[in-house]
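There are two complexes below, and they share chain A, which is joined by chain B in the first and by chain C in the second.
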Partner chain A sequence: MNFDAIVIGGGIVGCAIADRLARERRAVCLLERDVLGGAATAASMGHLVVLDDDPAELALSAYSCARWRELAPQLPAAAEYRATGTLWIARDAAEMAEAAHKQRRLAAAGIASELVDEAQLKLCEPALAPGLAGGLRVPADAVVYPPVAAAFLARRAAAAGADVRAGVNVRTLVDGGVILADGSELRAPRVIVANGCAAPELLCSVPVRKRKGHLLITTRLAPTVNHQLVELGYIQSAHGGDGESVAFNVQPRPSGQLLLGSTRQFDDLSCEVTPRLLARLVERAQAFLPGLGSLTALRAWTGFRPTTPDHRPLIGPWPARPGVWLACGHEGLGVTTALGTADLLAAQLFDQPLPFDAAPYAPARFAAQVSHAA
Partner chain B sequence: MRELRTEILVVGAGPAGIAAAVSAERAGARALLVDMQAEPGGQIWRGQWNKATDPAARQWLGALRASPVETRYGLRLIDLPAPGLAVFDGDSGPLRVRCERLVIAGGARERLLPFPGWTLPGVFGAGGLQVLAKNGWPVAGQRIVIAGSGPLLLAAAATLRGLGAKIVRIAEQTGWRDLAGFGAGLLRHPRKLAQAAGLARRLAGVRYRGNTWVAHADGDDRVRSVTLASGSHREQIHCDALAVGFGLLPNTDIARALGCELRDGAVWVDGHQHTSVAGVYCAGEGTGIGGVDQALAQGEIAGCAAAGRAELAGAALARRRQSDRFAANLRRHFVLRDELRRLAEPDTVLCRCENVRYGAAATCTGTREARLQLRLGMGHCQGRICGAATEFLFGWNAATPRPPLAPASLACFTATSSSENPPQDPT
Partner chain C sequence: MPPELCVRVDGVEIQVPAECSVAAALRSAGFSSTRHSLDGTPRAACCGMGVCFECRVRIDGVERLGCLVRVREGMEISRDA
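Then we have the complex of A and B:
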């Protein structure tokens, strides 16, 4: 069969790309080996957050969050989109100064935020521990339930004519197409590899590594938390070195449950919950929310973030293979940046005006390392 | 966190667990028996701890009292974070247990299947209502219909009738030919035959119908009537309560969490009740539904084997062979009929915790998709109820159990409970 484009991977990024292309009346095929919105999409928190510590990340996440706000009214109720806002928490004066820097960087990108002092913090999040210095409130940030959002995008793509296939494994890429596990061939001049951590299985030189994370969810009727709560130290945890790190990151689910994160580790490729990491996660959360100890944990799970050496995603042509394009390596921001990734990639695929500069995400930045590899 | 050390940890204090712990001590080992209920006995000997009326209960609960077995009640198993380490949670806080060997005696649960009206107040699991009534739930004077499959229906009916309920019908989905076959098989089990005769006496005059199943329950704020089906025949019966159960299912979540091999939905064990995982034994209903005699025999064997003295279990081996035949007879003759797969309507609730309807679930390709897209099985019971239903209705595999094996206090997960952080010396 012949398509304009084949998208490999039915996570939130692949679904967003298929949706975007199908609605432009491109003949697109979306291939997912398991279920739509599984793997990292299913394991993730679904925090739609503007991150500002890197200008490229700021451009992509700010654009994408705006696109989520446009999409929100069309999402099904089960996608549980809520504009909770993010509350970045400062423990001391030094972190309050960092919050003020953050406010200026966000303002420069047109993102409104407000500094919150100790007393205001107590008012807007009474469950937080006493003695915290304050924080920065970013009201436009939101949360979403990613598997349902991904399936919605895939369904919308299918309604616009996309050929969406779940439970179909790609065996290999060939010039101008893909060979499926059953030996059949699908042809397209553009093949988009959007399968996250699985990208190196098809293109062994794509520099994506798995970075394991743990999450835990409580039963319903948890004490009230209004915003997604994240410690300002989170960025150090997210972008720090290869070691293990744990940062306070708690999300109120519309169901009345609390979702507790987050951990990061490179060395562990097993999907088992590591008791030591889960313990660090819970203790970190308890330091900020002392009432947590009396809560009931319902489930804990792990997932793998697709991580690149410079923590920026790979969006654009893969120089080692003409006709192959990448949309992977989003680490912990795949849900946030899925819609922006789709717009940026679609514009590149069909020579349309770019919504923002594509250069920082160009896979070619790693081409030197992979010069002759596939 | 509190910590205990023992040689043999027995999880579950029903007949199998009691027999395992007592036998292990008799064989010279130290055993710790833990159960989620407030007292030992499991479901079948519920309420027998303080006034045993059942002879076997009197014997074994007495033996437990007299033995040096250490016991802890009101504790639920949450996690097995490392070999030889178990974390429990209860009202008195978490407890960590270090052990050398583990005997799983987790019993069985009732299979509930969705049909229109099954979530109305007044509709109970058959075993569930039996337990409630034993604990004091008033049933005197109530008109109760009992429906489903298996001998548990008769035991529940006898209990409820003994407490003053009027059993207006027992509807058994199995046909008469299989019921007769099952009855003929009982001839080889004098004790079971005596039990059956006792049940027959206690149920004299109650209308028992084979080849009959519940089609739907109806009511306003609660169940008012049940419509039973038999072939194309329909009969509406007015009632105050409906007790339904479609047989028992082995509880296998602890064994599966440990990676033990399963066969036909039950934990596989060798002749010593040893599972496929080193140092882990399983006894009782978890290895396949076989009743209290099987549980006691397997418990004795598991306890002796875990103590390293398998040869002491000699007499129990013959009783296990006998009960294996009973279990096979049970399996052969109480097979659920296809009609039960077609009772639910699109708007019939399938997963009560997350309010997922049958029609929505039927569009999914499997457990994973239904969990992610509909949250089926993601609520408080963690799919223990609806997982059995979707397996029967759609042939879906149950999700692999992960810690926490049951909802648990967050305190269970802090550093003091993790394997890599040994407890602080209290000095």
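Then we have the complex of A and C:
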């Protein structure tokens, strides 16, 4: 069969790309080997957050969050989109100074935020521990339930004419198409590898590494939390080094449950929950939310973030293989940046004006390492 | 008759077998559910061994798994967890 484009991977990113292309009336095929919106998409927290530590990350996340806001009224209720905002929590004066820097960086990108002092923090989040210095409130951030959002995008793509196939594995890429596990061939001049951590299975030199994370959800008797709460030290403690790290990150669910995160580790490729890390995660959360003490943890699970060496996603042509495009390596920001990724990639695929500069995400930045390892 | 003791369920005093779990005691006293799901569906112990988390109840104010806690004289059980 012939298509304009084949998208491999039915996570949030692949579904968003298929949706975007199908609605442009391109003949697109979306291939998912397991279930749509599974794997990293299903394991993730669904925090739609503007991150400003890297200008490229800021451009992509700010654009994408705006696109989510546009999409929100069309999402099904089960996608649980809620404009909770993010409250970045500062523990001390030094972190308050960082909050002020963050406010300026966000403002430069057109993102409104407000500094919150100790008294205001107590008013807007009474469950937080006393003695925290304050924080920065970013009201436009939101949360969504990612597997439902991904399935919605795939359904919408199918309704617009996309050939959406779940339970179909790609055996290999060939020039101008793919060979499926059953030996059949699908042809397209553009093949988009959007399968996250599985990208190296098809393209061994794509620099995507698994970074394990743990999440935990409580029962419904949780203390009331109004915003997605994140410690301001999150980037330093979570993204910073390559070592094992735990950072406070809590999301209120519409059910009254709290979703607690998060851990990061490279060294563990097993999907089992590590009690030691789960204990650290809970301990960290309790330091910020003392009322968690008597709460029941309902479930804990793990997932793998697709991570690149510079923590930026790979969006664009893969120089080692003409006709092959990448949309993977989003680490912990795949849900946030899925819609922006889809727009940026679609514009590149069909020579349309770019919504923002594509250069920072170009897979070609790793060309030196792929030139001898295609 | 095996020995019994007295607990309160949602404010009502009942006699239950002395040597059993809260989940079993509720069942034997004729309570068909331990809690309700978000959409209002009644739920009750499924596994009886601390895995399914369906028998959550509030015991003396604290959320517990009914199947893992033994009944005690005077215990206050609320089915609102």
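Observations on the model:
As a working rule, the second predicted complex is superposed on the first by the 373 of 374 C-alpha atoms of A that agree within 3 Å, B and C clash if a C-alpha of one lies under 4 Å from a C-alpha of the other, contacts with A are read in each partner's own complex, and residues count from 1 in each chain.
Simple rule for what comes next: contacts are C-beta pairs under 8 Å (C-beta built on N, C-alpha and C of every residue); 3 or more make two chains touch, one makes a residue touch a chain.
This one's a predicted model, so the numbers in the text were calculated from it and none came from an experiment.
For the composite obtained by overlaying on chain A, chain B and chain C cannot both be accommodated without a clash. Contact with neither chain B nor chain C is seen for A:Ser205 once the two complexes are overlaid on the shared chain. Between chain B and chain C, B contacts the larger number of chain A residues. Once chain A of one complex is fitted onto chain A of the other, the partner contacts of A:Arg276 are limited to chain B, with no touch recorded for chain C. In the superposition on chain A, contact is made by A:Leu221 with chain C only, not with chain B. Of the two partner chains placed by the overlay, neither chain B nor chain C lies in contact with A:Gln120.
On chain A, the patch touched by chain B and the patch touched by chain C overlap at residues 219, 294-296, 298. Across the complex, chain A meets chain C through its residues 219-221, 255, 294-296, 298. The residues of chain B lying in touch with chain A in their complex are 79, 81-82, 365-366, 368-369, 372-374, 378-380, 382, 402-404, 407-421. In the complex of the two chains, the chain C residues touching chain A come out as 38, 53, 56, 58, 62-65, 81. Residues 34-38, 42, 78, 147-148, 151, 166-167, 216, 218-219, 273, 275-276, 278-280, 282-283, 286, 292-301 of chain A touch chain B in their complex.
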